[in-house]
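Should a chain be cited, it is by its letter among A, B, C and D, assigned in written order, with residues numbered from 1 in that chain.
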Amino acid sequence: MKIGMIGLGKMGYNLVLNLLENGHQVVVNDVNPEPGRELAQKGAFAAESVAELVGQLEKPRVVWVMVPAGPIVDGVLDGLASLLEEGDMIIDGGNSHYKDSIRRGEGLRSKGIHFFDAGTSGGMSGAQNGGCFMIGGDKEAFGTIEPLFKDLAVENGYLYTGPSGSGHYLKMVHNGIEYGMMQAIGEGFEVLEKSAFDYDHEAVARVWSNGSVIRGWLMELTENAFSKDPNLDEIKGVMQSSGEGKWTVQEALDLEVGTPIIALSLLMRYRSLETDTFHGKVVAALRNEFGGHAVVKED
Amino acid sequence: MKIGMIGLGKMGYNLVLNLLENGHQVVVNDVNPEPGRELAQKGAFAAESVAELVGQLEKPRVVWVMVPAGPIVDGVLDGLASLLEEGDMIIDGGNSHYKDSIRRGEGLRSKGIHFFDAGTSGGMSGAQNGGCFMIGGDKEAFGTIEPLFKDLAVENGYLYTGPSGSGHYLKMVHNGIEYGMMQAIGEGFEVLEKSAFDYDHEAVARVWSNGSVIRGWLMELTENAFSKDPNLDEIKGVMQSSGEGKWTVQEALDLEVGTPIIALSLLMRYRSLETDTFHGKVVAALRNEFGGHAVVKED
Amino acid sequence: MKIGMIGLGKMGYNLVLNLLENGHQVVVNDVNPEPGRELAQKGAFAAESVAELVGQLEKPRVVWVMVPAGPIVDGVLDGLASLLEEGDMIIDGGNSHYKDSIRRGEGLRSKGIHFFDAGTSGGMSGAQNGGCFMIGGDKEAFGTIEPLFKDLAVENGYLYTGPSGSGHYLKMVHNGIEYGMMQAIGEGFEVLEKSAFDYDHEAVARVWSNGSVIRGWLMELTENAFSKDPNLDEIKGVMQSSGEGKWTVQEALDLEVGTPIIALSLLMRYRSLETDTFHGKVVAALRNEFGGHAVVKED
Amino acid sequence: MKIGMIGLGKMGYNLVLNLLENGHQVVVNDVNPEPGRELAQKGAFAAESVAELVGQLEKPRVVWVMVPAGPIVDGVLDGLASLLEEGDMIIDGGNSHYKDSIRRGEGLRSKGIHFFDAGTSGGMSGAQNGGCFMIGGDKEAFGTIEPLFKDLAVENGYLYTGPSGSGHYLKMVHNGIEYGMMQAIGEGFEVLEKSAFDYDHEAVARVWSNGSVIRGWLMELTENAFSKDPNLDEIKGVMQSSGEGKWTVQEALDLEVGTPIIALSLLMRYRSLETDTFHGKVVAALRNEFGGHAVVKED
């Protein structure tokens, strides 16, 4: 197939490599011309504008959008909507909020454009070598783009999930689970690290990656991480987050579902952004008030 | 009554003042002679040794032990056991683990000595001006010492709780609740502090202390704390703990009772003892491994 | 003063009694005519419509709105806005979301009407006998209505909190703390209830209400509850919630503040709405899959 | 090698099959003669007593003990200690508490017997086809039994972890992580199940098992479980636990490590054992007390 890719960041760039590897023709574009030039060396066609990108495609045109979630997606989609025609197709492969995807799907459908919200998992290596895709959108039209996902994904690694929004929703929940799993792994190693025993973290991650109940890709990545920095001395435990964990908790609140582990995993990330807390100050002050317990003074 | 008090720290000292105020005769002793000298100025008799203290009392002797929980209590009780006689009475007013109190009660009972585990709440001001007491031990003998608690406590502020251990058990759970309440208050003020509004923390604590659902002593103490340091700039949010919260969680685990709030309040205290965490490092490293997300480097 | 009260439910009704008791004239209205008739017996003037209510007041008119949060408030405010004039004043004493209050304040301000968002705490008894009020809105105009709050509140029980929204925001956080405190108290009594000791829950709540660190109104209410039903055998542990706890958590997520206790207290309420959980089924199924552990079959 | 296996339950039985498959001679014994008879059909030698089992082995004898954790292990070890000689070796492959393993290692060492605590993961299928082993004990002697683990484990699936106790400690923490991962997966599917979308749980677990960040054995088992019962209608969400999760939390408390996710995962298991809670009753009663909120009555 011939496909357009807008957004050549870590994920988009690797997806293009994957598509080229699988024999597809890819027209690429990014606000930064550099990755497009590199990909042109590898067989992609680097369009200088979205209009040129669209012009290079044949009907029904398929454009994959892989840009940061939020208003940037709306900007790109608005531009595309004015260039594309009835029957053309847009895939949003980023981490958009599912409510945005429902809204965008409705807007584009009214113009006859098929919109797919494709949650993408597997990291950069998955993007390049075979990832996992959860795709919501028009079921009839999905058949046209299914071959792309068949090629991009590992075996059994893509799923048509239902109407618009269902793909990003599933990706959102996937990330919620991911938060919980990562926090659980982190806590386990923290116990080991503080224990009276002297474990080799990398060796532990390796043995747990082979045959144990908790084996999986995250444990393999843990092994990788420890192989580079045995005690993670070089990095701080600041846990950033990029939205889906928060959205999962917000969704759980709206559904009145108790998701304590996912919620706490998120809150511990927020906690990690600070070196001290106001609630801690209040508790310390209270202990001092009623029991005369010593407080730790600020330097 | 005439009563002995061993241990003249923050709590014991104030209890002696309270007892004297209520017309009791108090023979005091502490490893540090200073507080005994002070109390002697105020009407107590300062014994130079436990033996002298015991010698000053009349049968049935009543000795209140107010020393740090743990082996120190065992040391004092062993010493007393060799000096006291059948029918004499020991009150452990400290924060002993209830299982220790059950064991100690059994040991002393075998020698004919009545043992009472008296959980004491209300802080230093309560000790001096009227506190809250939860007393386990021999029900028959309790009548003898009940007048003491009637005088030391505020109205309705003491309770005979049942057999040995039940007093300290109740105090333990009291403190578990206290952990949860304090953390809840702390979190609320943290939200306020980070909000877009510009609240006066002291004024907030004051209004919440008057007529609100969450009014109570802890809120009044919060007001006090903010009155001295409006944003708690002078102290760190390091939340120490002295045992009962941990014991409550351990007990909950043994009873298979879900106590998420008490457990989390304790774990957040542990979290506050560190400026960085190993679990955070693992999570940050994993995010970098799969998604190429930037980590914060150690300085 | 002369004041209008729209909404004569549990809270509004009791506030009217309180206002009458303090010598104010109150014009009342509710979609249900019954409570208005009752209050007319006690000295209020029962208006048959909002228009009549407004007509009975004198400029600057003061109308207190005490109706369920959400679109009903908007409906009432829209109606009032068309009836009131520049300089008149509306107090929303309900549990509105603070963002709604900001929006409403702006809308009414554009018409010259002063809007106050008054968070109200203290329950029905507080409404009647002296409650706690946190009031956001136009500072200049607050002086006009301040005497009302002085009369309705217990001493030091009202606070002008800043611009529109700040009153309801403070009430929201108050309720978040309340969730945490209540859950902590509940968990403590659950430990007691499952312990090897045989505590009298009412007596425990009473002694904790007198002199302890955790004394306060919630503990007194706990005593009341146990006095009526010593083991709460008559009720189920279904913990409903009415919004503010959820909003506090949502706000904490938006502020990236770790509020584990408040969040968990909310999630445990959601958990209590179900007798079984899907996550439990998944975990049970997994244990069976890897370890052959028995599952509990549905009946 | 020739090896004895005491305990032929789900795990022991499958380990024997694995050993036989790998060409080892196995002398087996269990209090229940049935599995021994079965294994005898497959090439094992079924000893009628522990003494006969020991008699069938050659020095240095190697006996693997695979019996339920707790006093049963002590009973078996005591029996073996009286039958074995200096230089013989015992492997405890069960889920013993690491402190017991330290104690047992010391006791047996004083008799010249080498003791190994081997944490075993991978479930029944791992036991039979290749599992994961974490082995603590005497490093010198480990070389003698290492070939066993090389054969029983998948590649890179065993690790010598250090002195006595370190193997079971690592397995304990492994299970703590497992609790957190399982709860996270369960919560994610609960959100899906309650969402507005109509997901096929099995298909979701399958796509997440292929190429996603959260892929791993637990997700594959989730797929298996849903393939048998698409909505888990046949089972209840009662989450039993067998000790290691609790021990991990207890250890975290002793180390003062904040492990909120592991702790909460455990507490949610306890919560699942009940259809109603006492804390819920207290909270519901309190809401009724202060706000007149309706309670749900017991039937």
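Here, a contact is a pair of C-beta atoms (placed from the backbone, for glycine too) under 8 Å apart; a residue touches a chain by one contact, two chains touch by 3 or more.
Note that the coordinates shown come from a computational prediction; the quantities given were computed from them, not determined experimentally.
Visitor: If you average the CA coordinates per chain, which chain's centre is most distant from that of chain B?
Guide: A
Visitor: Out of B-D and A-D, which chain pair has the most contact pairs?
Guide: A-D
Visitor: Determine the centre-to-centre distance between chain B and chain D, using the mean Cα coordinates as centres, and give it in whole Å.
Guide: 39
Visitor: Taking the mean of the CA coordinates per chain, how far is chain A from chain B in Å?
Guide: 48
Visitor: Determine the centre-to-centre distance between chain A and chain D, using the mean Cα coordinates as centres, and give it in whole Å.
Guide: 33
Visitor: Among the residues of chain C, which are close enough to touch at least two other chains?
Guide: Within chain C, the residues that touch at least two other chains are 122-123, 183, 185, 187, 190, 194, 213, 217-218, 252, 257-260, 264, 268, 271, 277, 279, 290.
Visitor: In the complex formed with chain A, which residues of chain B make contact?
Guide: For chain B paired with chain A, touching residues are 10, 122-125, 182-183, 185-187, 189-190, 193-194, 217-218, 221-222, 224-225, 229, 232-240, 242, 260, 264, 268-269, 271-272, 275-298.
Visitor: Which residues of chain A touch chain C in their complex?
Guide: 213, 246, 249-250, 252-253, 256-260, 263-264, 266-268, 270-271, 273, 277, 279, 290
Visitor: Under the definition above, what is the set of chain A residues touching chain D in their complex?
Guide: 121-123, 126, 130-134, 153-159, 161-163, 165-166, 169-170, 173-174, 176-181, 183-185, 187-188, 190-192, 194-195, 197-199, 203-204, 206-219, 248, 251-252, 255, 257-262, 264-265, 268
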